[in-house]
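The following blocks contain the structures, represented as structure tokens.
Same chain, two partners: chain A is paired with chain B first, then with chain C.
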Partner chain A sequence: MKSTITQSRSIRSYFSGFQTSARFVRGVDLAGQWAAPILIVAVLIMAAIFAPAFYLPTNLKTVGIQIAVLGIVAVGQTLVLLVRSIDLSVSAVLALGAVIVVQTEAGGPLWISFVEAFAVAAAVGLANGLLITKRQVPPFVATFGMLVFVQGARLAYTKGQASGTVPEILRAISFEQVGPIPAALIVWLIVNIIVLFILQKTRYGRWIYAVGGNPAAARYAGIPVDLVIIGVHTICSMLAMLGGLLLSGYIGYVDLRLGADYNTNSIAGAIVGGTTFTGGRGNLFGTAAGAALLIMLLNLVVVLGLPIHWQYAVQGIVLVMAVALQGFRQFLLSR
Partner chain B sequence: MAVTFEKTREAKSFYSGRWLKFLRDNASIILIYTIILLVIGIAAVFNENFRSPSNLVNIFRQSIILGLIAIGQSVVALTGGLDMSVAQVARIVGLTVATIFAAEGSNPDLIIPLIFLGLLIGMAIGLFNGIIITRTHANPFIITLGIASILRGINLAISSTPIRGIPKAYLLIYDFKIGIIPVNVLVMALIWVIAYIFTTRTRTGRAFFAVGGSERVARLSAISYNRTLVVAHTFCSVCAALTGLFLLARTGVGDPSAAEGMDFQSIVAVALGGISLYGGRGSMIGTLGGVLLLATLSNVFNLLQVNIYYQQLFLGLIVLITVAAYKSPRAA
Partner chain C sequence: MTNVSNNVPSDTVILSLKHIEKSFGGIHALSDVSFDLRAGEIHALVGENGAGKSTLIKIVTGAYTPDAGEIQINGSVYKSLDPTQARNLGIAAVYQEFNLLPELSVAENISLGAQPLGRFRLIDKKARSALAYELLERLGAHTHIDPDEVVKRLTVGEQQLVEIAKALAINARILIMDEPSAILPSRDLDRLFTVIRNLRDEGRGIIYISHRLNEIFELADRVTVLKDGQTMATKNVADTNHAELVSLMVGRPLTDMYPPKDNTPGEILLEVRDLCVEGTVYHVNFNVRAGEVVGLAGLGGSGRTTVCRALVALADVRSGEIIYRGKPAPRSPAAAAQAGLVLVPEDRKTYGLVLNQSMRFNLSLPNLSQFSLMGILHSAKEKGTIYKIIKNLQIKPPVPDISTENLSGGNQQKVVVGKWLLANPKLVIFDEPTRGIDVGAKAEIYMRIRELTRQGVGVIMASSELPELIGMCDRILVFYEGRLSGEIPREQFSEEAIMRLATGVKVNEE
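Moving on to the complex of A and B:
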């Protein structure tokens, strides 16, 4: 009897590689949840000391709008991550939306192009969801293929050069100010409230957490798992589209590089905020903090006058450290 | 119990012939080579430029860049991961070597040491990837995506304009021919054979399949998960580094946009070749088929002068259809 016990322990230690205390596990868990808000405070203090230009009103407005755009995309990404999936096509959808709205503006009425844009986004999300659930393609590959396909479609559609002016209404909901704060932040807030309501108060929201926590158990409990995943992907693509419209409204023109970094950044934002890859863990507050942290860091690169390519390094470092932390946290918690 | 028995018997009688079994086991490989032959056949009938011998050799030459990266990528894919940093690794190696050549006044004596330096850089990045992934139990795909972003920043810091001053002798790596056959095609063939033997005949190579099939079972069979994953990522990055060296010899300048899109294309080649992207199943023969198909298609596109923008659309469509066609069993 005794030998069995020692043996099972030795197998367990073989799995873990090292022994941990409960306090250590708790510490890593808390670090994973609260890293983003704590780091935001740290960054704000550091900015006050080393880069006072960060607090100029114009800069704060830029930061606010960028946080709003990334925040909206990251909300969608969080939902997708919650069901153990991922969406790498957000950047392409984001850029495509801007192109559609800007290019069709010359012709028919504006609302048609908006409907068109959101319909395309929904179709992309639907295709992602169907590939992942019905054909069981790994989410990375399905959405990455979709990224290349949608980019190709955009290039074929614009023949490599996008031109046109951004409609006034987009400027209004993104760049104009309501009182002291930019309108984009309000849009972000509304999106957060709606999605928070869905996650907390509706059956669909609880299904999302259930599917992410344990898909097999969710299936046995009678939850339509495939439908949940498809729905989440559709929402994610439509939120990416909304982000794209806000971004084009803020920038004021559309070019081919528009929104190229939003894949890495939205994933990094969500994961810094405490969402794990293995699903079922994560919340919108964390994601909002994560997106804000990332944008602040990227903005500081500019404010400090560093070469712009350090932005790539910053987003890479944030992504790697966040994924490493969350992966380790999930590993400790699930042992 | 009885039902299972009946089923197996039925299945056995249906697939009884050895040939049928062979066909069933290698369906994806047979499919991809059939498609290649079809594409080559159609192109050769309708386009006279395509069927000239020099063009056929050209297809092989064009495929070595993608081929090398795809060999590395398929090893990582077998373990159930994907390496998104390959293009940036190839780029950083090319840029570093080019910068040193330029600083040393294109000294041909430096060629051998710099090749080793390039491979060392690749090895170091691969080790780093592997160690982070195994120590933190994080997702390989996203870790390497982050590493790729960091490397992109470093690459732009090294140079954002093409670097000149590569010695003439270095270009021979790409240009040297024995008769009609370019030496680099032979090198690629050699590396492919090594990778094939490595994955099918060695303990470490078989461990890739075991780890990709089931991490848990692999651990219980006393296969070191950590070591296997580190070896796979190191091998992949060394292949990418080698690609960077070949690319430098092909273009003759240190190109800050070298290997653009290679990360995606290598995944496409691997997926086309029938390696399961959940890990654990597939072979180097399939990868070679995927690479040859992509190289042939790109050659045909260029001959037909298809707009580059439509090419990307087409590539995306191919990969979506491919991954949707191979329905793989969901892991766990």
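Moving on to the complex of A and C:
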């Protein structure tokens, strides 16, 4: 046998060559849990030094409303990620909402257009859920298909150009202020309280964590796994719709490109906040902090006068860093 | 190939662990373990689940970093190892779950970590097959394993030999075998033992982990007992006996594993008529009475587990009837549980537990409606009930909020049993209730089963451990290739009788 035997080194072995102390592991674990809040404080301090314009009242209001909109969409995304799914159609639903409300306002009463908007959102979420559970379409593909479909349907419906004015009520729940606080932030807070209650205090909340943590064990425990997944997708789409209505109330007009970034940003917000792609882990405090951090960074790009396209770089970096940190934390904890 | 015995004189200590400590999230897995392994010995490692065997093995293979203590290998001292380092030092492990790539050939798997290279540093396939053949020959397996066969077509026993050949390919001097016999049919055991003895005679050190004490007396030279993360004793196998090992393991003498039978079967709870499940189960008939323990025996793939799953609507019934308490059985797992018909599934990590969640979460999971009104949980009520069941089943540590992944196998199993006991069952199906758990936890589960039958609960017990079926059941139903091949009443219980039916040997062929 005249052949050389070489020792191949796997990627894992490079990783594990790394000597760690218990203190280091604890540090990374805490960093993973508290990354978003800690970074928020750091960003606030840096902004005070390098970009004082960040603290102008008008800018703070802008940031606040944007956090509220992204925060609401990210709550839905967190729920979906908790059951090992993903929703790439949130941006399309978000953009659709404003269009429906604005276009129907001209005709019938306002409340009907709201009912219509949320019914359409629920239908999109239901379709996502049914495709994923009953037809076993991978969530990535099912919701991406839905994204394209909903976008196309919206363009067909508006014939390429949206027109009309945003109703007063949307401005009231978004842009108007309650004391010093923009109304949108209060809506965000209410959404968080309701969903937090569902996750912590109801049977459905336990089911969500069980389905994400171990779908087989959930099924054996008699949990209606498919219904949980369908329900979560429906809630996610309806929250995206709510986010869309708040966003149009804030912008004051309807733009066809409205909300295009919300897929990446809602996922990034949830992941920065400690939710994992593998399901069963994540909480709303983290997601709230993650969404806030992301919006603040994106805003700083504007305030610092950098070319606006740097925003994309920021989104990408935050998402990759967050996934890397959470992955590393998982790796260390499993040793 | 080098022969190890030429360069290492026997009686030399090749691996020595001194005062190893390791804890996970404040729980001590190992508090003070010392262990040494000589060249040319089979050193058995025994202890209850949760005693720290797996943690110790993972420290030797470099998967875990110890908090304190030192590791000496061939005279060099290490604080900790990493997997590559461990492999280069000649440490290899064969786990119960194989690290084989099922779609690749035997030769490809054997050479995975060290491909023989030929010209232009391309893989030399001929040399690879030749190497595989040579290694298999040394294991005496060259006659029935073809190096070019795809691994997934091999039997479990053959795959295990491939794993051992992989260890030989890196010329492992320290070979760790984690419960190698648990997954083997008994006819493959002798071959495995011969292989292990030959490896020892070549001068390698072998750490052999098993729950079956008989094997240790047959195979091992020395034995070390772990209990609660500490070394209790290291003995020469010749100087000890069964009873002493058990009392060292459990810290008390264990008189009888199986509590005496004190149940009286009552009325019929469950009746299965002509049950068929697509492709796995054909025309099965049986019944279960209240307060009765009915055993289901059969080899892997005999349809035993599928029947268990069909009873609680986890498998689709193709035809036939399941009558539970006089009515057709509920057709969803939730409805079945509501009616008191529950399955404690096999393989707790896959089907039993949401591992990243707490003990409380898991115990409550199928019982949430008990603690909730209109879907809203009443946490004080939940906590009270959970606290009681933890105390009742003596789950350790008794901390409701501890994550179940940090529990030992035996305690994990108790959580799975506990969550179904909370459902107030009338008929409990246990599938492999004691797989991979220690004697102490086993005895507790048997006691729990007796307690259930005393209360008039019917029990179905599916198991591949014949002694436990014989010790616990009133009758045993044996499955063979998806059919019920026979029923054995208690008076005629014997391992031979069960095996005969389980392997399809007709009585009149004798």
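Assume the second predicted complex is superposed on the first by the 301 of 335 C-alpha atoms of A that agree within 3 Å, B and C clash if a C-alpha of one lies under 4 Å from a C-alpha of the other, contacts with A are read in each partner's own complex, and residues count from 1 in each chain.
Just so we're on the same page, contacts are C-beta pairs under 8 Å (C-beta built on N, C-alpha and C of every residue); 3 or more make two chains touch, one makes a residue touch a chain.
As the structure is a computational prediction, the values presented were derived from the model and not from experiment.
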Output check: A:Phe285 vs chain B and chain C. Expected answer is one of first, second, both, neither. What do you get? neither
Is A:Arg135 contacted by the first partner chain B, the second partner chain C, both or neither? first
Where does A:Trp34 make contact in the superposed view: on chain B (first), on chain C (second), on both, or on neither? neither
Now for A:Arg203: first (chain B), second (chain C), both, or neither, which partner does it touch? second
Given the touch rule stated above, what does A:Ala153 touch, chain B (first), chain C (second), both, or neither? first
Which of chain B and chain C A:Phe144 touches, first, second, both or neither: first
First, second, both or neither for A:Gly213, with chain B first and chain C second: second
Partner chain in contact with A:Phe118 - chain B first, chain C second, else both or neither: neither
Touching A:Gln326 in the superposition: chain B (first), chain C (second), both, neither? first
Touched chain A residues, chain B compared with chain C: B
Touching chain B and also chain C: which chain A residues? 17
List the residues on chain A that touch chain C in their complex, please. 1-10, 12-13, 16-20, 22, 201-204, 206-207, 209-210, 213-214, 216-224, 280-281, 335
Of all residues in chain B, which touch chain A in the complex? 82, 132, 135-139, 141-143, 145-157, 160, 219-220, 226, 264, 267-268, 271, 277-278, 307, 309-317, 319-320, 323-324, 327-330
Which part of chain C faces chain A closely enough to touch in the complex? 62-65, 67, 80, 82-84, 88, 113-118, 124, 127, 130-131, 134, 314, 332-337, 343, 345, 350-357, 361, 364-366, 368-369, 372, 375-377, 379, 419
Quick one: which bits of chain A touch chain B in the complex? Just the residue numbers, please. 11, 14-15, 17, 86, 127, 131, 135-138, 140-142, 144-153, 155-156, 159-160, 264, 267-268, 271, 277, 307, 309-320, 323-328, 330-331
